[in-house]
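What follows is a pair of complexes built around chain A, which joins chain B in one and chain C in the other.
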Partner chain A sequence: MEVNTQLQVTKTVKITNKAGFHLRPMNQIVKVAETAQSDVTLVYKSCRADCKSSWDLLSLIGAEEGAELTLCAEGSDAAEVVDKIEALFLQKFGEDEFEKTASAPV
Partner chain B sequence: MLILDNSGCRLSRRFIDPHEVDSEINRLKSAIQATSDQIAQDRDSVTREIGEEYGHIFGAHLSILTDKKLLRDLEEPIRQHNYSAEYAVTEVFDRQADMLRRVAGTLYSERANDVVDIKVRLLRQLMGVHQNSLAHLDRPVILLAASLTPSETSNLDRDNVLGFATEEGARGSHTAIVASALQIPAVLGIGRFLADVQEGDRVILDGDKGLLILNPDAETTRKYQQIIDRQKSVSQRLFSRSSAPAITQDGTEIQVFGNIEYHYESRICDINGAAGIGLYRTEFLYLGADLASLPTEEDHFQAYRTVIEAMGPNRVTTIRTFDLGADKLPSGLTTEIVEANPFMGVRSIRLSLKYQDMFRKQLRAILRASAFGPIRIMFPLVSTILEFRNAKSIFLDVCEELDEAGVPFDHSIPIGMMLEVPASIIMIHTFVKEVDFFSIGTNDLTQYSLAVDRGNKGVDFLYNSEDPAILQLVHRAIQVATMYDKPISICGQISSDPNNTMLLIGLGLRHFSVAPGVIPVIKDLCRNVTVKECEEVAKKALFMETARDIRNYLRLETDKKLGTGWTAEE
Partner chain C sequence: MKFSEFILVDAIRAEVKAKDKEGVVREMVKSIQDAGGIDESDYEGIVAAVLRREELGSTGIGRGVAVPHTKHPSLTQMVGTVAISQEGVEYESLDGEPVYLFVLLLSPNEHPGEHLRALEHITRMIKDDGFCRYLKQARDCSQIKQLLDEADRGEFTK
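Then we have the complex of A and B:
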């Protein structure tokens, strides 16, 4: 992690769920970002999207499993919101666990 | 057969007069508002009817449509270039959809469909085209279309749409997911075919094989008619009797419970005639949509209460305390637990005993929910008797707290455990004295007995729940539990496979705990066998040396019993 000032945090996050970036992850990210005071953006290839905007985040759809995105927040709670959104990525947006337990009951 | 032309809406007017800008923007805003209301309705009805997992799709549509940046993007061409609202919507959404198709690989380009869905709804609203003609049809049809959006699919007239086929689309798309949840046969993404059919042609849609047959010959039609007749009679037989008890030909009742993960699955169990919930996996509360915070006691309570009330006063709900750890960790703990060998590490009951606050919170919620109907509590992955005693003493402690606080709960809740560590079955003669009931988790039991990571492709050929070693363990567990009059069930995949039903009855199993969808099949099979012949089958299987021999033998015996092709489609 690279911390430029107290108020700006940048981290690389990786998509690890099989379905890649789609509506459900998008919705989860917006919900978390909306609660933050900081400005939060995700950058993938040439697309930069405001995490508080579903419409903006649509442009990241197509980022597949394995894709690396840059997560950037600026504001008083930057570190916190970056951690929260990173956790969503790490947890595969709650998706593959669902599949796994559904196919293997116990 | 009905051919749908959803190539889009034609636009009459592209530009407005400059003085109309403000009123045009107001018109746009009220159309967005009205469309949002519709989508919210769809979200709620879909959530109610087929579950939250599907409602999320429309929740996402709603969040896109109400986005401030979208409004800004739409307002701009109206102000700057005097576009009409319709033209602005078309331009802005088409640009976004095109971009999605371009950046995304073929697998993902389907997702542009969601954007088109929102666009079409908004345009319909703007142009005053309200009715969704597909929601009310006057005769049964097979629907053929270039593509169908998720919202069109969820609004289909389910009495009259026998199935649908589309030129575009993909198996994993939201349209496909919604169709399968609604049990509408569908074949998506066939490629161009609409030019070759006319309304009124005869077509056959085979959702199982993913085929659309245009103008079939007499022989093919006859073949398919037979398949339809057979499926109808099988499913009628299964479902007409699904709520009746499953009693073998020689008079032994077999109870078939359902395994669930999400509370809305309790409805499927109810419809399919489950004797109760044999396994309610509660991990989903931790792994679900909101990962940023751990669930509150109230979250637990509400989920449990929904299931308990769905099952009513006469059917028990078995709640397994959270089975987290290894491959399933809530976000708060990922950084705290770093293990070289997580499947042998702090997971399941071990995690509960380590993070007792989480465990107590869950137990309090379960106890509170017990005031609303019969429940049982089950601890996962117990290895030693001390671990069980430990967990139970925490449970008793929580009971005491609630008593002191005057909170009502059921004081006679049975406390059981999963048998999934080989040691617990070897030592079952000790456990039976203190544990009220058991459930064998054959999936983890297989993994630990054969020392094979079930997720590792290099060794997964060793992973067989029908391995003779597993049968020996299962046999011993059932024998000892039965000797001590303690209820025992199996909730692993082995019991959801109808090919194993005879074997398990023969090994002495009287309580099955299976995937909700197979309950009618298993119950039907139970009614067609005698315990005596099942015991013969089990005796033979126990002497076999390999999993493959056992599986082949069981399949043969099951087919002999019911004829091939009886297995219900899932």
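Then we have the complex of A and C:
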């Protein structure tokens, strides 16, 4: 993790849910990012997406389990919002239980 | 991934009649059944699965577009369809706007990677302003099919 005096925080986050990056993880990220004062972006390959815009984040759909994305935030609550979004990735976007059932809606 | 790999041409609808979310889902799943994509005995189960997925968060992604989808154990291959509502449907979209363009995707439980690739393809093409605008303006099934074919031939920018 890198923190500088401009309250800019950057972390690498990894997709650990089997279903990969689809609409539901996207919506969860938007909900968290919307509450932050900071600007928040996710970068994957050549795509940079504003985490407060679901339309922007659509560009990241298709990133598979194991993919690493760069999460950046800049603003007064940058560290806090990065921690919250990182937690979503670490918690597999709450899909652990779904992955145990054959009829999991994704 | 191409639309032709999962869209059932005979299930495309240019004028859905339903006025609400469940109605649209039912109409689209029925169109897939009528096109031979699913068995009649699986119809209710698949509708329920799509609606259950919607309860987890609307697939109305904004700008008048929704991508209802689910996996279901009865399916052996991905099937999908495109439908247009001329009047718009209240769909609890992320931007609160009515939905005019629907892309339904049904996938087997196996091969989650293919499901994700299809979703990726749909969302990438929907983000193409020209493709999305033309699709919403389509007034019959042949126009929709033509646009999907053009997309598959790479005639749009993304």
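Going forward, the second predicted complex is superposed on the first by the 99 of 106 C-alpha atoms of A that agree within 3 Å, B and C clash if a C-alpha of one lies under 4 Å from a C-alpha of the other, contacts with A are read in each partner's own complex, and residues count from 1 in each chain.
The rule is simple: contacts are C-beta pairs under 8 Å (C-beta built on N, C-alpha and C of every residue); 3 or more make two chains touch, one makes a residue touch a chain.
Keep in mind it's a predicted model, so treat the numbers as computed, not measured.
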Partner chain(s) touched by A:84 [first = chain B, second = chain C, both, neither]: first
Chain B versus chain C as contact partner of A:32, first or second or both or neither: first
Chain B versus chain C as contact partner of A:7, first or second or both or neither: neither
Which superposed partner A:43 touches (first chain B, second chain C, both, neither): neither
Partner with the higher number of touched chain A residues, chain C or chain B: B
Partner chain in contact with A:67 - chain B first, chain C second, else both or neither: neither
Touched partner set for A:58, first chain B, second chain C, both or neither: both
Shared chain A surface residues [contacts with chain B and with chain C]: 19-20, 22-24, 27-28, 30, 54-55, 58-59, 61-62, 64, 102, 104-106
Of chain A, residues touching chain B in the complex: 19-20, 22-24, 26-28, 30-32, 45, 47, 50, 53-56, 58-59, 61-62, 64, 84, 87-88, 90-91, 93-94, 97-98, 100-102, 104-106
Chain B - residues contacting chain A, complex: 53, 56-57, 59-61, 63-64, 67-70, 73, 96, 99-100, 103-105, 107-109, 111, 114-115, 172, 174, 259, 261, 279, 281, 283-284, 287-292, 327-328, 330-331, 334, 418, 420, 441-444, 454, 491-493, 496, 515
Chain A partner contacts - residues on chain C that touch it in the complex: 49-50, 52-53, 56-57, 59, 61-63, 67, 69-73, 94, 109, 112-113, 115-117, 119-120, 123-124, 126-127
Of all residues in chain A, those that touch chain C in their complex: 18-24, 27-28, 30, 54-55, 58-59, 61-62, 64, 102-106
